[in-house]
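Lettered A, B, C and D in written order, each chain numbered from 1.
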Amino acid sequence: MFQRIAFLGLGSMGAPMAANLLKAGFPLTVYNRTAAKAEPLRALGATMAATVTEAGAGANVVFTMLTDDAALLELTLGPGGLLSALPTGAVHVSCSTVGPGTTRQLAAAHAAHGSALVAAPVFGKPDAAAAGRLWVGAAGPAEARQTVMPLLEALGQGVREFGDDPGHASVAKLCGNFLLGAVIESLAEALTLAEKAGLDRVGFYEMLTSTIFDTPVYKSYGRLIATQHYQPVGAPPAIIRKDMNLLVQEAYAQAVPMPLANLIRDRLTATVALGEPDVDWASFAKRVSEDAGDFQ
Amino acid sequence: MFQRIAFLGLGSMGAPMAANLLKAGFPLTVYNRTAAKAEPLRALGATMAATVTEAGAGANVVFTMLTDDAALLELTLGPGGLLSALPTGAVHVSCSTVGPGTTRQLAAAHAAHGSALVAAPVFGKPDAAAAGRLWVGAAGPAEARQTVMPLLEALGQGVREFGDDPGHASVAKLCGNFLLGAVIESLAEALTLAEKAGLDRVGFYEMLTSTIFDTPVYKSYGRLIATQHYQPVGAPPAIIRKDMNLLVQEAYAQAVPMPLANLIRDRLTATVALGEPDVDWASFAKRVSEDAGDFQ
Amino acid sequence: MFQRIAFLGLGSMGAPMAANLLKAGFPLTVYNRTAAKAEPLRALGATMAATVTEAGAGANVVFTMLTDDAALLELTLGPGGLLSALPTGAVHVSCSTVGPGTTRQLAAAHAAHGSALVAAPVFGKPDAAAAGRLWVGAAGPAEARQTVMPLLEALGQGVREFGDDPGHASVAKLCGNFLLGAVIESLAEALTLAEKAGLDRVGFYEMLTSTIFDTPVYKSYGRLIATQHYQPVGAPPAIIRKDMNLLVQEAYAQAVPMPLANLIRDRLTATVALGEPDVDWASFAKRVSEDAGDFQ
Amino acid sequence: MFQRIAFLGLGSMGAPMAANLLKAGFPLTVYNRTAAKAEPLRALGATMAATVTEAGAGANVVFTMLTDDAALLELTLGPGGLLSALPTGAVHVSCSTVGPGTTRQLAAAHAAHGSALVAAPVFGKPDAAAAGRLWVGAAGPAEARQTVMPLLEALGQGVREFGDDPGHASVAKLCGNFLLGAVIESLAEALTLAEKAGLDRVGFYEMLTSTIFDTPVYKSYGRLIATQHYQPVGAPPAIIRKDMNLLVQEAYAQAVPMPLANLIRDRLTATVALGEPDVDWASFAKRVSEDAGDFQ
């Protein structure tokens, strides 16, 4: 059924996703700009491609998991790009978190080429990707979605579909990251107040996450915030800041005031301006502590 | 062990809490300013008290669940109040959501009287109270806490302790309501953007709460917001607005800037100013829709 | 010295600016997409141009005053555009409020063409333009700035220079509009609170603007807000909303959190979403009243 | 006409105000908790009072200029306080910036005593007080206002009246400080963005304040912000933070959402939490720079 499947972009998310496809028995040709990152997949049976063109040539399905809109557009539409290498009828599964405009631009290019785009952003951190616990949101032409569904199901614990417009999956993913940002901001404010009011910071976190917020999102981000130790890095501040700016621009386009989204975007901007790149993006919680006089 | 237990304040939260104590086999004398609300408890075996003094006289333990700081202070410290009726060694379990200053003022009055205050605010809506699914946060003198622990355990699914300072339990409860407000604001912004961007509002809610936010808080508040139907009323906007003002004042006292708390307080202020009292406080989510041009 | 000067864009700002140049004795060729708007200038001695190309052909200096970035880029760089019509050595004086990126893109195109761009945004409303009370901020290559200085001085009551980078003038103009937005937001909040607290809204405005805020900006915007009558239209909400989005994007590019800019942008977004186009942009002050329950 | 006038509270504002009354030819008895601050007024002809009671005894008019609500209430209503020393028919002119509730509480106490309260907060910094350039806002019973009008006129360059309710003058004063805070926040955001975008920070300040913002408020606060040198201290952060909290509480009481007031209050809270007391309150502008990564 899938004669040839390719996966391009083997960073902290892409590598475990590709591994899961291999473990599920799908043949996979992989490519990464920095080739060394592809090596661990060789042991799982992946075929190495030296160039984007080589990866895309003859592929029925090609996954991409890249850093941002510019990288995705360049790799797909640029000179020596993926699109020109794809055969008619191929499906491009774009898993990157990008703006809906970028997604729709790609979809139109694919339609003109005779191929199809399915936007399939994933919800979860690298550790969830490795554990097969990602959630996948998929949107794009119905037939193409149906084609790649077995592959999407191999990526995680379930697929949710958003219809034919692939831009909708991008909006959903940006909203998902925003909701996580709201969890971080609210926990940061609550734990900081509680601590300054005399409660035990970690103890209060444990109380909250063993009662009304007894759920993985609050536990995982909350632990980073409660302990003020922002490791390991699920995603760095600059990457999610980029996402929040895409969200704010979509909110502008749709005429939706989003004061909390603005706040989160600005927290991340301050975090980037302050220059701490090697921390999880939840580290913007430190801005709350600092505003309360705590520079520990 | 408990010769006489009283429960004062039988509103939407107090009534089911008192009922749970009765169902657990504890004898209970009940009082409510509007006596009719006490009637259903008679069938469960409660003794009716006609006045606060009658309720408190000879009680080892007395619960209060009242609307706000002023009501609690008046009932406890005012003329003909609870404190003067209590015997030495009694324990007052204060379940109301009030400011830490009020709680500490009460604790000092009890200490002078020879009785003790345990602050035991509860986390959960009326339906959770009825189902015995409340969480209880308790703080106060260790001996008094130990005394009332079997009673607190009968109120819900678990007790979390915050040490000797009863004010800490009040801070924890205010933070809990704030965190719920953050859930509401973030869902309102996300669902409004998603809807205006073309996604199905309810469908996106279902996607979110069946994946990364698959937890009761997001499901219950999210359903109100997704459907824009703010019934039944867990708590009305004016009550939680009062709580958020207490929180903001505690943040002022502790010198903690809390921009998200300010936002939520203001959303509730607008909701109260607009005059819709008979809705759940999650209805402040409508302000997000209105700012986006939707006055449906 | 100026053999041929052209002015393109004769809206509510451009028309009085062009008139001032004519009144100062400068010969002027004028162009507007809707030609009827150019007619009143004919009486002042202007030469009519039927196309952009005709306006630009042989011009030493050409002014543009257009709605937004897209209009400016299209008119200048599009097919049949201004740039291709200009002779080598010409100076393009761009008075529109646009993003610094757009300004720099134009400057680069001019440099390649052998002409020069001077960004010269103006500070003031249409009535100030008509009265010759605009302030002009100019930036661009020093020689080009010197060339057009007598013309800029004829536009208003003074010119302020921002150096060689024309993008700096665009940033300054966006900041100027932001500062006006802050005046509007702060007056709206203050007057609304004062009114609800029992003071006379207009009387308090008059007190403020006859004492510590006795200055034209506070008087003119304040009058609209105090009387809640947002006429005449200096600039409509959608136009300044566009400016505030450019500002917010520049703040993102420079990594400067600007919470007040976000607030103003969102106030304008709500105003546009609510659909009241034919009012001055200061009408976003009504959002403050509405949040306080006043829908008069 | 004025047999005996007293002035209590000789801080950075009170001292020059008292001096202006003396210079205008009014006899004055002065009192300050720290007596040394009263000494310079002796040379201008002031009579020294050793206690509050001594200052108030037999006074027709008594001015107070104190730090906050608590100080004013204690000095006036506390044991050995001003009220008990005042003769029937006396007028208390309260110049402090306090909440409208405090002002109304004092007015009621005076009415019961047979004296009257005129709230007369002043608008301007210590240097304006010294130069006789304050503005005075007066409210209270009409007869009492009329009585003290010549004295109020001696304090500055003009008096504005707010009617019979002295609380209205307090609201007006709080709004005035809020509007100044908005000037500071907006200039801080604009100058920080401009600087990071490449403009000269001080030069842009000079451009703004020589054109559309050519007015003392923008010039004086703007100079502190442009140069990032927050001296001299007009008022320290903690004092205006207290005012902004009074404003926010009045906004709560009147049900007026004021997001900009919240922002300014939080900026001041962060400034106090960071522990820089000996600077002008405009130093909260540094928070904007810090959020943009600048800790110079």
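Everything that follows uses one rule, which is that a residue touches a chain if its C-beta (ideal position, glycine included) is under 8 Å from a C-beta of that chain, and two chains touch if they have at least 3 such contacts.
Because the structure is predicted, anything quoted here is derived from the model rather than measured.
Participant: Could you name all chains that are in contact with chain B and with chain D at the same time?
Facilitator: The shared contacts of chain B and chain D, listed by label, come to A, C.
Participant: If you average the Cα atoms per chain, which one ends up farthest from chain A?
Facilitator: Relative to chain A, the chain with the farthest C-alpha centre is D.
Participant: Determine the centre-to-centre distance between chain B and chain C, using the mean Cα coordinates as centres, and give it in whole Å.
Facilitator: Computed value for the inter-centroid distance: 53 Å.
Participant: How big is the gap, in whole Å, between where the Cα atoms of chain A centre and where those of chain B centre?
Facilitator: 38
Participant: Where in chain C do residues touch two or more other chains at once?
Facilitator: Those would be 251, 255-259, 263, 266, 269-270, 273, 291-293.
Participant: Spell out the part of chain C that touches chain B in their complex, as residue ranges.
Facilitator: Of all residues in chain C, those touching chain B are 259, 266, 269-270, 273-275, 287, 291-293.
Participant: Quick check on the complex: what are the chain D residues that touch chain C?
Facilitator: Within the complex, chain D contacts chain C at residues 100, 123-124, 135, 137, 158, 160, 162, 165, 167-168, 171-172, 175-176, 178-180, 182-183, 185-187, 189-190, 192-194, 196-199, 203-204, 207-208, 210-217, 247, 250-251, 254-261, 263, 288, 291-293.
Participant: So in the complex, which bits of chain C are touching chain A?
Facilitator: Answer in residue numbers: 245, 248-249, 251-252, 255-259, 262-263, 265-267, 269-270, 272-273.
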